[in-house]
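Below: a set of structures, written as structure tokens.
After this come two complexes, each holding chain A, first together with chain B and then together with chain C.
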Partner chain A sequence: MEKVLDLWAAYGSTVVFAMVNAFFALSTYAVLSVGVLSFATVVFAAIGGFLAAQMVAHFQTPLFVAFPLAAIAGGLAAAVLAAAFLKLESHWMALASLALVLITKVVALNAPLLTGGVNGLIVPAKASPLELAVLLGLATLIFYRLYHSWFGLISLAVREDPAVASTMGIPPRRIQFIAFVISGIVGGVGGAALAFTLQFISPETYFIGIAFSMIAGTVLGGSFHWLGPVVGAVVFTALPTTVQAFVPQIEDVAKGVVLLLIMVFLPRGLIDPRAMRLRKANQKTTPQPVAGKDAVV
Partner chain B sequence: MQLFLEQLVNGWALGSLYGLFGIGFGLVFSTLGILNAAHGTYASWAAILGYFSVTQFGAPFPVAIAVGVLGGGIVAVAVDQIAFQPLRAVKAGMLGALITSIAFSIILDSLAGFATEHQSLAFPAGTYPRQMVDLGVIKVPQMQIITILALLVCASGIYFLIQKTRIGAAMRAVGWNETAAALGGVNSRMVILLTALLAGATSGLAGVLGGISTSNVSYALGEGLMLKGFAAVVVGGYDDIRGTAIAGICLGIIEVFVAQYISTSFRDGFTYIFLLAFLVARPRGLLGSVNFTRA
Partner chain C sequence: MQLSDATSSPGTGLTLLKLHNVVKNFGGVAAVGGLSTEVRAGSVHGLIGPNGAGKTTVINLITGIFHPDSGNIQFDGNAVQNLLPAQIAAIGISRTYQNVRLFKGMTVLEQVLTGCYLRRGVSLWASFLGLPKARARWAETRAHAMHLLQRVGMADRADELAETLSYGEQRRVEIARALGADPKLLLLDEPTAGMNSVEASVIGRLAHELRDSGLTILMVEHNMGLVTEFCDTCTVMNFGRLLAEGTPAACLKNPDVEEAYFGRKSDAERIKSVS
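For the complex of A and B:
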């Protein structure tokens, strides 16, 4: 028992941050799975985080009210953004959403009434790891159900080729809009989770760092499967801690190299449904090695 | 009036750095389809290499610039070959390259931190031209004139290269569709290498010039250039060099004027308000072209 407690003391915060990052990665996955690369998750996270923090600070709302409020706010923001930016071509969408991240920081810095400005906000509430785990479990369950639903099939069609999808009677824009709203909801929850974990947030909190970790988490884990983002977020969050244990001097360099190696050798991510199917099909017939076999966890 | 003109030149020179940096970023994005997070580190490394060539080997100013430009280009080609080429081979698209570029930005940034021992270095006085040029009404530092000219020469040169030459046509073809370009007889491997080299070289030039004129040679140099250069690319339209150059200059002038006439605390704010206005009103940028490929 004591050993477990020691382990938790050493790696507990890594686990908690992995869960928070998993929300961001799921939010990114939601839009990636309809073929849109968007960094707007950071914006939704900022909105959800600051709203939840302010609600708790001023109205003493309990956490189970603050989280849904953050989700709603994130979803609404996503609807507005989707209406404004989904018309853009995919390259532009990526650039525009990245620009929005920069704008969000400047807005947050210059609205001290809402965000505390440069000084940031102290959040007088803390979410326990168990609460976060339940929330994340719920979110993952929803993504699992979506993946195996008609919506999952349709979004795969939209991702692979919007033109073909629309000839089959699928409205790509509407599917992308729905995906965006889902992304906003999860992103808002993630932002609130981050606020209730750090207990101190500032405009710096919701910036490029989150953008990097969410996109890296999603792509590392695999953006073709509902479990991918969660696995990726865990790997990406645990990477610095692990690397630090082995090569503390060149921690950052080693982290970058590991990231590079994973991407070069497993470009479709750690969890890849195509590789799984290939392996399954292969086992039925002849036991020959398949390209990408290592992709299966 | 004199102050106004002086600040105009200051802003123009600052904006020229953003433009120079943005050109390379836009070039890689439009030709190779890579959102390159490591682009800022090319500038940092160019500045660091230029700095060491001056302090360790006593290189004169033009040589330091050349070292920076070449260094930026070589780093860019190396990153391209190590991080992007394996993904290109398996057609992993924009996402994989984005992650490997993030990986390289982490690696190069932290190596830059080691190289400068986590300090902000400045080029020693006397190793670069620092006289004032008398233009009648105002006096302008030589470095500012060099920076402004550098952007004009690079932007027009690369624009000419892309629009008027066979190599440029090949670059545009690869940007449109690499396979189709290869079928049409374009050696896409060479085009990719050339694009990476050009992008790294312009970024390196911006890095050396910026490192000299802001007296800040560290990994933070590339980061700062990245944020503003990116804004210039979005405002200007990523597939047009001219747009990026003009937008860069405008952003620099706005930044300096806001700091001078409104408040220094809004210095960055106005840049991004400008960016937001462009995103809403004209999302494809100043001179960006309309794309018909998407259904």
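For the complex of A and C:
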């Protein structure tokens, strides 16, 4: 029992941050899986985070109300953004969302009433690891169901070839809109989770750091399966701490090296249903070793 | 039901698709310059012409990928030239592509299931929640997709990744996917490109089977043997304009068509005299 507690003392915060990062990675995955690269997750996180923090600070809102509020706010923001930006071509969409992240920071810095401005905001509440785990479980369940429903199938169609999908009666824009709203909801929850973990937030909290870890999470884990972003976020968060235990000097390098290795050798991430299917197909076509023939190489 | 003016051409004689004076320019180039033609219900209609004649542009105009600059397109009596691709699909037109465009990462069955999107009979929401009704409909749709794969002879490959199949097999999967939405009109854009004559005649026979089960087919085709053997009627285009119309045999005898494909007779004689 003591050993477990020791372990938790050493790695507990890593686990918690891995869970928080998983929300951001899932939010990015939601739009990536319909073929849209967007950094707007950072914006949704900021909205969710500041709203949840203010609700708790001013109205003593309990967490089980603050989280849904953050989710709704993120979803609404996403709906507005999607209506405005979805008509852009994919790379312009990515750039526009990046610009939005920069704008969000400036706005947040200049609205001290809402965000605490440069001084930041103390968050008088903390989410327990168990609460975060339950929330993440719920989010993952939603993505699991999406993946195994009609939405998952036509998402892949829209992602791979929206023009072809549309000639089959699938409305690509509407599917992307829905995905964006889901991304906003999960991003908002992630932002609140971060606020209730750090217990101190400022405009700096919701900036490039989140953008980096959410993209890294989806690249590492893969954006073709609901499990990918969760695995990616865990690996990306745990890697520095683990490596540090063995070779303290290369902590920062390790992150970059692992990302590069994955991009070169597993461009579709650690969890890739297509690769699994290819492997299965190869096993089928290569003749299985027959009993009694083991000696023959 | 039959119109009195129905000639000996097969089908019900009713016009299913009608293009009237359709014009489409790309910059200064007239890809389609005032084309009028029609496709009768229940026929296999060939759309032929030399490279660059504008055949694929016509397909793209019919499916709403492009909108005509002027002129109109009528399907089943309704003007459709301003509809979006998804709306065109919903009224019963589906298509295949000149260069097979299957979805990467999907199995053969999933490709066809995606094609069945319009006949899924259940909301995305119900499907997400996994309601019993949604499950039942999913099983039904899946069975339908398997049936379509059987029809094109690909049922035993249902669980394979489509991109690992041969080119000819991928084309057949694409046809099954296009059939998924229960279309009235199927547009095949060069369905036999890159196939040998045996594979090509399999496609031709499939087109006949589909026609006999009530589908109308418009196919862009380069293989003249296939057109004469399997098309009931055809439209010949050149430089975006109508060159000839009628039965394949009559079209091919047309001197304009011969000229478009083989060059001018006088030129040929001149070349002969030079050499």
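Keep in mind that, in the parts below, the second predicted complex is superposed on the first by the 281 of 297 C-alpha atoms of A that agree within 3 Å, B and C clash if a C-alpha of one lies under 4 Å from a C-alpha of the other, contacts with A are read in each partner's own complex, and residues count from 1 in each chain.
Heads up, the rule we're going with is that a residue touches a chain if its C-beta (ideal position, glycine included) is under 8 Å from a C-beta of that chain, and two chains touch if they have at least 3 such contacts.
Computed from a predicted model, the values in this text were never measured in an experiment.
> With both complexes superposed on chain A, which partner does A:Leu76 reach: first (chain B), second (chain C), both or neither?
In the superposition, A:Leu76 touches no partner, neither chain B nor chain C.
> Touch check for A:Ala157: first (chain B), second (chain C), both, or neither?
A:Ala157 contacts chain C only, not chain B.
> Who does A:Val264 touch here: chain B (first), chain C (second), both, or neither?
Touch status of A:Val264: first partner only.
> For A:Val15, decide between first (touching chain B), second (touching chain C), both and neither.
neither
> A:Ala57 in the overlay: touching chain B, chain C, both, or neither? Say first, second, both or neither.
The answer is neither, since A:Ala57 touches no partner chain.
> State whether A:Val106 touches chain B only (first), chain C only (second), both chains, or neither.
After superposing on A, A:Val106 lies in contact with chain B but is clear of chain C.
> One more residue to check, A:Arg145. First (chain B), second (chain C), both or neither?
Only chain C; A:Arg145 stays clear of chain B.
> Tell me the contact category for A:Ser166 with respect to chain B and chain C: first, second, both or neither.
Both partners, chain B and chain C.
> Chain B or chain C: which reaches more residues on chain A?
B
> Touching A:Pro273 in the superposition: chain B (first), chain C (second), both, neither?
In the superposition, A:Pro273 touches chain C alone.
> Which chain A residues lie in the overlap of the chain B contact set and the chain C contact set?
Residues 161, 163, 166 of chain A touch both chain B and chain C.
> Touching residues of chain A toward chain B in the complex: what are they?
32, 37, 84-85, 87-92, 94-96, 98-100, 102-103, 106, 109-110, 161-163, 166, 172, 212, 215-216, 219-220, 223, 250-253, 255-257, 259-260, 263-264, 267-268
> So in the complex, the part of chain B that touches chain A is made up of which residues?
Against chain A, the touching part of chain B is residues 29, 33, 35, 37, 82-83, 86-87, 90, 92, 94-96, 98-100, 102-107, 109-111, 227, 230-231, 233-234, 238, 266, 268-269, 272-273, 275-276, 279-280, 283-284, 288, 291, 293-295.
> Using the touch definition from the top, list the residues of chain C that touch chain A in their complex.
Against chain A, chain C makes touches at 63-65, 84-86, 88-90, 94-95, 97, 101, 103-107, 110, 113-115, 117-118, 120, 122, 124, 127-130, 134, 138, 160-161, 164, 177-178, 180-181.
> Which bits of chain A are touching chain C when the two form their complex?
Going by the criterion above, the answer is residues 145-146, 149-151, 153-154, 156-157, 160-161, 163-171, 178, 224, 273-274, 277-278, 281.
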